[in-house]
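What follows is a pair of complexes built around subunit A, which joins subunit B in one and subunit C in the other.
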Partner chain A sequence: MEEKIKPTKIIDARGSFCPGPLMELIKAYKSAKLNDIISVYSTDSGTKRDASAWIKKSNNELIGVFEHEGYYEIVMKKTKG
Partner chain B sequence: MSNRILVLGDGAAGTIISNKLRFLIPTEDADITVIGNSKFHYFKPDGIHIPLGMKRYQDSVKKPEFLFNYGINYVKDTISNIDVQNKKVSTKSGKEHTYDYLIIATGDRLVPEDIPNFASEAHHFYSLEGSLELKKKLAGFNGGKIVIGPSSIPYQCPPAPYEFTFQLYRYLNKRGILKDTEIHYIFPPNRVFTIENVAVYIEKLFDEKNIQYHTMFNVESIDSGARKINSLEGEELPYDLLVLVPPHKGQEVITKSGLADEVGYIDVDKHKLTYGNYDNVFVIGDATNLPISKAGATAHFESEYLASKIASEISGFISDDEYDGAVACTTVTGDEKAMTLYFSYN
Partner chain C sequence: MTDKMSIIAFSGTEDKLMAAAIIASGAVANDLEVQIFVTFWGLTRTIKNDKTPPDLSFDGQKMKDKVFALMKQKKVPNWITMLKNAKEVGNIKVYGCAMFADLLEMKKEDLDPIVDDIIGVNEFVSLSKDSMTFFI
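What follows is the complex of A and B.
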């Protein structure tokens, strides 16, 4: 992930399977504040599709999907109050 | 010297593990004590049938003490604190129980109050009382929009909402009011079931029956005036009859004892089912934070592994077996058909 983006909250869902990482993201989203940046780590490639779809449907901002060694990182910004 | 095994919880998980342990370990090698406060043991899978008149509720309840095998001490009490550092469990009656092995099987609880207006607007089949109320409500239902589904994840028995939907379809058809009814199924992730290949099959069955489904629908609020539910994702659905799985949380005593956060599910080693660094403290059933179903079937398969491991250890053998998350359960898919699901961590 780019240096300048600093997540407010990081969810490490590595080792969990879909829809686990997505549900962890939703749980964090519920308690997040407007403009908070939430990052979720997942080893399940399905999270890229599931989380991206949810972020778009819920009218929030998908900052990016990044591939690291052995896991994916999906970063979103809470733009809906 | 006799080992002391203490089991917390008298629901499905506590009952299954106690009986399996007693079957494998001679009474002279271990005392088994179970603490629980259930007035009666309710067989929860019957919840999908009782509201539809397919089962008598009287056949689904038993006194907990009748379910434990000979040689198990059943203590009727409420757990007030679990102190794993000092190997001590306190109860409301003021007693303290010590142990060599502790098995936490306290399950989880329904928290409908987490969604405003749930109690006055929504019905469910996740308790005996809820199922009987829903039965009354359905008897007076003569057509309209029914919205069904889990309000959020996790919840007990993931297939139960689709099973109930298929049985409801049959019930409405039999009563001749299916043509006057729209069934809308909601689900929190982006498919109608957690496991993808099962979701594909269930969606096909829904399509055949003209059951409409709305995915990525996490219930945020219920508008009792307009009779519609609103999702976290910004959608709304009107209803005439609302059948929602209430939100779930772990037991309060788990949070109060410092074993989990405010949501109350305990992080455990997924292959050993142990808590933290305590190799004599195990957690099974709905109380865990494991990425598998919260269901009696899960408790059953976890108990197979755990009872065998503890029994081996007590008889002096070293068990290096690990639990792989394997669970099998059979689910109703309507039209007098069923399908068996097999899954594991992998």
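What follows is the complex of A and C.
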């Protein structure tokens, strides 16, 4: 991800299968503060769509989905308490 | 719009119980309240200290060894662990079926702590009013 965005919390869910990474993200979201930035690493392809959809539907901000070697990163900002 | 999901977990094979746990996870991610009624073979998979190895449903028998080996290799959590994780995210209640528990002479303390209570079909159906319901 871009260097100027510093995640408040990083969840390394690589190797975890659907729905594991999304569940981890929601848990982190619930304990996060408003405007916290949460980043999830995942190797599970279903999570890319599922987590992005959840972030939008829950009225939070999807900062982006970034491809890395062997995994990708979904970054969100908690904009809804 | 319905804001509740009810799942009747009748089958006791790992694949179907995993399906129930995964659907329940999707439901809590969407802010639905979930109630799961474990009955018959589903209930038998919640019995504490039961060492019967997990099985797959009829369709999966040919791939059984391969699927379980892959699940072990890839550290896929079993259905109870999956359900525990989903319970941390949202409101999920797991109810044991009173009729089948009686038949097996099982009480709540004989079942895995994932089971919140033992209730009868009448109560479960009444709790399921206005919910989307799956029978697995």
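The rule we apply is simple: the second predicted complex is superposed on the first by the 81 of 81 C-alpha atoms of A that agree within 3 Å, B and C clash if a C-alpha of one lies under 4 Å from a C-alpha of the other, contacts with A are read in each partner's own complex, and residues count from 1 in each chain.
Just so we're on the same page, a residue touches a chain if its C-beta (ideal position, glycine included) is under 8 Å from a C-beta of that chain, and two chains touch if they have at least 3 such contacts.
Small disclaimer: the values here were computed from a predicted structure and weren't measured.
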Room on subunit A for both subunit B and subunit C (clash or fit):
clash
Determine, under the contact definition given at the top, whether A:Cys18 touches first (subunit B), second (subunit C), both, or neither.
both
In the superposed arrangement, which partner chain does A:Gly46 touch: subunit B (first), subunit C (second), both, or neither?
first
Looking at A:Asn59, would you say it contacts subunit B, subunit C, both, or neither? Reply first, second, both or neither.
first
Count the residues of subunit A touched by subunit B and by subunit C, then name the partner with the higher count.
B
In the superposed model, where does subunit B crash into subunit C, at 43-51, 79-87 or 259-267?
43-51
Where on subunit A do the contacts from subunit B and from subunit C line up?
15, 17-20, 22-23, 26-27, 30, 50, 54, 57
The subunit A residues in contact with subunit B across the complex are 15-20, 22-23, 26-27, 29-30, 46, 49-50, 53-54, 57-59, 80
Taking the complex as given, what residues does subunit B use to touch subunit A?
153-154, 188-190, 194, 196, 216, 218, 232-234, 263, 270, 291, 345
Residue ranges of subunit A in contact with subunit C within the complex
15, 17-20, 22-23, 26-27, 30, 50, 54, 57
Can you check the complex and tell me which residues of subunit C touch subunit A?
22, 25-26, 28-30, 74-77, 82, 85-86, 88-90
